[in-house]
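Multiple structures follow.
In the two complexes below, subunit A is the common chain; its partner is subunit B in one and subunit C in the other.
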Partner chain A sequence: MAPQSDATKPAAPNRTETFVWGIPQNGLQSKERQVGRDEPPPLPANSELTYIGKPTERYDGPAKAMGKGKYTADINLPGMLYARMIDATIPHGRIVSIDTSEAEKLPGVRAVHVIEHVYGVAELRDPKMEAPSRYPVIRYYGQPIAGVAAISQQIANDAAQLVKVKYDTLAFVVDRSDARAEDAPMVFPGPADAAGSAGGGGGPKGVPQTGNVHGPQQKKNGDVEKGFAEADVIVEGEYFTQVQTHSALETHGFVVDWKPDEVTVYASTQGTSSVRNEFADVFKLPKNKIRVITEYMGGGFGAKFGAGNEGVVAANLSRKANAPVKLMLDRRQEHIVCNRPDSHQKLKVGAKRDGTLTAIALTSYGTAGVGTGAGTAGPANNMYKCPNILTEEYDVFVNAGPGAAFRAPGHPQGCFAFEQTIDDLAAKLNIDPLTLRETIDENPARKVERQIILERTNWRNRKPAGSDSGPVKRGMGIAQSVWYRFVNMNSSCEVRVSRDGSVELLSAVQDLGTGTKTMLAVIVAEEFGIPPASVGIRIGDTRFPIGPDSGGSVTAGSITPAARNASYQVKQKLFAAVAPQLGTTADNLVLKGGRVAFKNDPSKSYTLKQVTAKMPTDEISAQATRVAEYSKERITYGGVDYVELAVDTETGRVHIEKVFGAHDCGRPINPLGVISQINGGILQGISYALFEQRIMDRNAGYMLNANLENYKILGAREVPEIEVVLVENYIAQSSTDAAGIGESAGIITLAAAIGNAFYNATGVRMRKIPMTPANVLSALGKVQEVQA
Partner chain B sequence: MNKFVFVDCKTVDEALGQMSDGAIVKAGGIDLLDLMKDGIVTPPKLVNIRNISSLQGITAGKDGLHLGPLSTLSEIAAHPEIQKNYTALANAAGHAATPQVRNMATLGGNIMQRPRCWYFRSSEFDCKKKNGASDDCHAHTGENQYHAIMNNETCAMVHPSSTAVPLLAMNAQVELTSKRGKRTVAMSEFYVPPEKSLINETVVQPGELITGVFVPVPEPGTRSAYQKYGEKESFDWPLADAGVVLVMDGTHCRKAWIVLGVAAPTPIRSTAAEAVLTGKTIDEATARAAASAAMKDATPLSQNGFKTQLFQTAIYRTVLLAAGQMQPDPSAIG
Partner chain C sequence: MADSPKTTFSRRGFLKGAGVTAATTVIESANALARETKDALHSDRAVGPGSVPVKLHINGHEYSVAIEPRYTLAETLRDNLGLTGTKVVCDRGSCSACTVWIDKTPALACMTLAIDVVGRQITTIEGLSHGDTMHQVQAAFVKHDAMQCGFCTPGMVMSCAALLDRNPNPKLADVKHAVSGNLCRCGTYPKVFAATLDVAQQRRQTAGLVALVTEREA
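Right after this comes the complex of A and B.
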């Protein structure tokens, strides 16, 4: 998760304000909150606002479409060198020697750096369990070993081929179930733990470990034995999900310019702050000597925080060569350095005849390769009311690249199992799945979302499971998601107003393609009554006030209050500065509809430019930092997704024909951006459910499909009709009430919704993803199950 | 990628003069560049034939269909005469890869593609096919879900050419030219199965260039179709594909050619399936019987048994499509 701040501690109150509260479909209510002195007045509902809540085109869309947006890979500095990472060619073993002499002799090579420490993987609790070596132990095929920098990428690539590594190989295992065997090769000789990143991931620390099995992390509520004894019906299920790789369009990479007075780092990152922090830690530098820049970013999905091995190598090469160095991973490396762990889950759910849940028990095993963080219990623990819950999550080490936070860590896997089990329960109780959820789900937003699904989809015409005759069978299904409100207090913005009337916002926060720039422009635009496109947005640079790392859907909820507060405060400063010239006092001025007017005499009003022209200095600015949540109330977000599909039972193809999603994320700031995120989440969810899977060669420990040809991602022809409805949910927690949508955007639900629709179509429960022809035909009993 | 010399040729003679010392011919460059980037082939010289005008052009006349080997897949797919009388070929060309690839890929290059096998296409693996020391077929002992289900004992690679499937079903011939002269090889003799040679995938000899592909005029009553099946529709390799040519008399089938694409290391005719249809009325039952016969001798590996089911579907649905008894299948890919 994101660094969880003390956001629930209320700020020093000194006034009471009345906020809009609740969900419009239920009738909006009001809520009184104590707020700090510098807080702007409460925002009314979106329907009463000019820019907030209205669709706004992407701020940097034209620049991106015209190729003018410079991503990290596009950064070219004078005298810059090109680097190539050198990776292990065995899955497990010890490095005996590394000979870089031939590489160093190649004309054009400027520096070689051999890695001393591997980041982003689990580490032995007791490092003494392994014999000391100057080289890290190789635990996966593709583990970075060294980097080389040269005057061209071709020379760097050639030089990488000349580095000779000698290994002592060790036995290895790449399959999760093989790794659980008592006599399995040990990935670590003793207990090992992995730290999470700023985006989450990482498993529990200090839990028991037997062989390669790390855990369990146990979460217990009530008494499940008692709960199952009280149940009228019990459903059980076993589910399997695959390893998914992030496959961000822009691979991981850095351009590092190491200068004695400042290290400048261009990073493809989700967290400029996380990069600066890790550079400071690794290189023992004060933070004022590190500048991190991420102006345009080509996707991360959770896997791009901190310096990473590639950042550390690029920095070392730059320092050694005394020149800027660009190091972008290639596509194969990108597939190997991060992933969503797989899972094997056993679920048992007990309920009364009316559907009331009495007990939930989940045991899950998953592999995050040489990392941890394969837990799947989020949905089971947090979606429905149930007095007795027991979840036990195990990580299984294998010799494969480490797992990393990946869009709603653990939740797509967990939801695939849990929401299908709930569907099984509905079938067993002979209750409509939507109706069952009315009984067990207390979340008010999802209640509205289910109603929308009921009214606007074909749900009422749903036929009993397996009704269709003929080879092609149609069905529909739903699944729900849950995500959490995380706030990162390291969220600051500066807003400047210039004498010419132009307004700009500065913050180190980055836009990883999710629309952060647009959202910030909308916030400033609303406060000043000027079009969003006219606001200057300068972000993604640690020279600006600190921004939150973008993981766990924290960005919108963390940074927009700072942006609004800074806008509001600079406006108050502006009023104070010009009031004497206007012949009034600051508190008599109000900015509305793009004009500054006298409160006591609305006939007196000026354009913003007329007012700024009277500023005593050329610029007025204010900086604001995220203040604590207004109250301690906890809320979760979520959505309900509906899928219509056709299963061709003779080809094993699953055709998704329609997806209808109803989602909530507090107050939507830019609905166009939010819906775009949900469209993306739905497509990524379909891709996860039907196509994507890492394929490891069991005999070599090598990823066979580390490319975009055989690692299959949904394409244009697989895109169904998608309709998305946003449910506004005003929570009176901050000056914007915004929240992120990255996680609960469809990626969590789609595999489960597709599974439920598959069952409705065929009467057969899909217990394994991806739903490829091999897996589907096997589930339908058309062919024998594929081994491993 | 290795450094190489690039020679741009304007005539066949010029190209033939350059084809020595390990030079590789480049037409569209689609498969070749992938192989070079992955370090599977490292030619010292590329002979670019892309601009040889005599190798371009399509003529369809009373004596049959003459295809310049530089005809792009897009040109073949869009050709009205091919769509009408050589339908399976238009289908195969029009559903290969992606629109961008089809605009670049040539017919000659398409039938000369190197096999699909992720062990063959990774420089990390050694095998006999790559002149290597390792005796193992990694697919036999490893991950083989996409590999061959027939004739897979020596090597389990599959041949990916979709156009080769209808060309074989239509008894096409390939013209090869070298400094020694010209020769013509039937499609049925064009590919060399691994049990005959692991190294030579076709009969094309060093110094020989494909200078034409000829498809004879179909008999009256001929109908044909090609469909492929796989995991996804956008840009994916087929896991099963079928080319079907039927000579029909109403619903009565006088002659049948059924060719399977990615079933084996080379495109293969299923005489067993053809025998089921010949002399019969085509309906769903006979089409399914033919499909089942085609898979009778399949020898799937540990993970690709599902391909036999996929092939049966591909065959029966494509037979029905060719016979005009079914619409193009929305479950087909490409």
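Right after this comes the complex of A and C.
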């Protein structure tokens, strides 16, 4: 998650404006807000706008479809070298020596760099607990050790094989439950903490640590003992989720061109700013000597922030070889360097006869390998009203790659346990699960979403659990998600108008495939009344005004107000510059439908080009930075997802047949792109629930399936029918009211919704994902449980 | 690496060893391999290990390039010829991101040695469009937003365009089958299906109009 800036600090108010507020299905209302002097006038609802809220083709769609977009992996600079990362072949131990001489002698090799410090992992609170060494301690199989650069990728790969590393091995543990044992090998000799990235992740610091168990992080509200005593019914459950790897199609990677006057970094990153910040920290460089470029980016999902070990190694190699260096991780390394932590959760929920919640208690243990951040309490703490909540989250260190932020950190795990427990509660109270949520959920958007589910799906024909008599049993289930409005104030845009009438926007913000470019084009287009495709969008370059790092669904809500404000301000500057020539004053001019007209005489109007031709200079430009939220109201986003499935109780296969999702994300800017993201969240959620699982070899300590044939992600044949409805939710918080959808897009809910549908089909509760045939048959009591 | 003895591992050797596996996924490549292996058995001519000059026919142009025999077609396209539209994701034939056409048949460029496709017609994603004019399938991908990060898109387009060439009337199941090897992490599949079926529909309409005009003229 991005730094929760001082977005809550209100801007110096200058005027009161009336904003559209609420959800169209409930009848739109208005809300007064104090806004700053430079703020543009409030936008009406999407139904009254030309481009905002209308489906817009992806700005860089043609370039992507034609293979013309240059991703970091595609960068090819003159004289560029290719690098390979060399990583540890033991899960735990000390490096005795590293011999790079043979590698260096190989013709074509230009530089070798041995890592002195490993980034992105937990570090000992007291480094003196370990004997000093020139090499970092190896704590996981695949930990980066060194890099080698050569004139071709093949030679770099050959050279990597020639680097000889001698180890002193230490005892290791790769299984979460084994690691909790008192006599388990210690991953760290003492307490250790990990920092989160710009995308979130990272666990609490300074909490107690016993052996490998780090925590708890405790959140307490009211008195759960009292709450359970007051309850008419209590439901309890124990749930297990697996480690999931990000598996972005473009692996982590950098091209670094180290020159004395400027270091140019092409990065496959979710945050050009985060990369520049870390390069500045690591290499003690002023930021004005670092340029980061991310024009096209092949997916991140939370894993790609900062310099990373690969960025630091590429930079060192480039500096040593005096040439640009490309270092992309290979697929095996991609699977190892980051993941979504697993979990073992115990949940207890108490309620009154009418469903009113009286107490929620959650204890979770999860492993983020050699990192922290396995907490799962988000949904339990934030979804429903309940006076007494106690959550305790523990991280368990094991000798495996570090966890990282991954699309809604902690929430898919938490929701899998929590929303199934709520479903159990509904069953126990004999209340329909949708109806129960009417009692316990105060969120107005989810209320509308539940109504949509009720009206547009098969829900009313839902049968009691386990009704089907044949071997294939069908069922339906729902689950809800919650995510939070984070705003990153490091969000600026410049908008330029040229004498030829062309308009362009510049910002360092990046587009991960989420549609940032398109969204910005739509905002500028609306302000100028010109088609989005005609706006020039130049982003993903730190030479432009600073952009937010894209994590925690912050981008849309953070950068679009800056884009609109810059567009609005440059328009005012344009009016002021040309008004005298048009024989009027700036405040008498209005730009609508691509034409500049007189407010007092609509018969007088000009095309944008006619007006810009009168500019006194060739270019007029304005830059705007995100201003504080208009109010301090706490805002959450969410969605409700409905699943229909069939369980083959003989083969143990689960077939998802239909998903219907209703989701909200403030004011949708480009529904075409938003729906693409929700489709993606739903499909990633199905993939997480049914297929994906990192499998560690307990005896050798490495990941057995670090590839794309044995680490199974959902493919075309597993895609069900999907229908998505977007609920507009006007919140009157910024000049655009936009909000991100990345987290609440379905990834949070799907495993829980599938679990609930599975229960409805079979009468059996799935307490463990992935729901592979082995796990399903074991839950159905047909085979013995198998340990992955 | 580490203390393990140095093992020489070449993709060429791997492909030969794994010929049967490769054949199940890349029939074209395996056939080429079989021919090449047979040729090698009956001649003393050895290639490599250094660079060898080869001529490749790509997108209607002839390219002369000096490559080591172990270079895959994907590496050659991307690193030697600057044709980076073909993406490498898994580099071992399990994701189809590197799909190109060899003599009009989809094949995996990461599992094909460049020297094995000398004399064959290679089509890459760059060869599908003409200048800025997109192939119908590419245009439909844009219209339906059948992409997010776009890294799987070239491979998807190559698979879908090839499907429509061999089956002008595909059903949803046919499209799913055609891209069943193409992995997409962003989850754009529903729109890939819609885009491909849309092109089939457009072509049927065009064919219908042509038939109508021809009939009237006759």
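By definition in this document, the second predicted complex is superposed on the first by the 787 of 788 C-alpha atoms of A that agree within 3 Å, B and C clash if a C-alpha of one lies under 4 Å from a C-alpha of the other, contacts with A are read in each partner's own complex, and residues count from 1 in each chain.
Rule of thumb we're sticking to: a residue touches a chain if its C-beta (ideal position, glycine included) is under 8 Å from a C-beta of that chain, and two chains touch if they have at least 3 such contacts.
Given the structure is predicted, the values throughout are model-derived calculations rather than measurements.
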| item | value |
| --- | --- |
| Subunit C versus subunit B, contacts on subunit A by residue | C |
| Which superposed partner A:P602 touches (first subunit B, second subunit C, both, neither) | neither |
| Which superposed partner A:A774 touches (first subunit B, second subunit C, both, neither) | first |
| Touched partner set for A:N699, first subunit B, second subunit C, both or neither | first |
| Contacts of A:T89 with subunit B and subunit C, given as first, second, both or neither | both |
| Partner chain in contact with A:Q684 - subunit B first, subunit C second, else both or neither | second |
| Contacts of A:G673 with subunit B and subunit C, given as first, second, both or neither | second |
| Which superposed partner A:P189 touches (first subunit B, second subunit C, both, neither) | neither |
| Which superposed partner A:A716 touches (first subunit B, second subunit C, both, neither) | both |
| First, second, both or neither for A:N76, with subunit B first and subunit C second | second |
| Footprint overlap on subunit A, where subunit B in one structure and subunit C in the other make contact | 89, 709, 714-717 |
| Subunit C-facing residues of subunit A, complex | 57-58, 60-62, 64-71, 73-74, 76, 82, 86, 89-90, 152-154, 160-167, 247-250, 296-299, 301, 330-331, 512-515, 672-673, 675-677, 679-684, 707-709, 713-717, 719, 722 |
| Sites on subunit B touched by subunit A in the complex | 118-119, 122, 124-125, 138, 141-143, 145-146, 229-237, 239, 302-306, 308-310, 312-313, 330-331 |
| Subunit C residues touching subunit A - in the complex, by the definition given at the top | 1-4, 6-7, 9, 68, 70-71, 75, 78-79, 82, 84-92, 94-95, 97, 124-126, 128-129, 132, 134, 138-139, 141-143, 145, 147-154, 157, 175-177, 179-193 |
| Subunit A residues within the subunit B interface of the complex | 89, 472, 648, 650-653, 655, 690-691, 695-700, 702, 704-705, 709-710, 712, 714-718, 772-774, 777-778, 782-784, 786-788 |
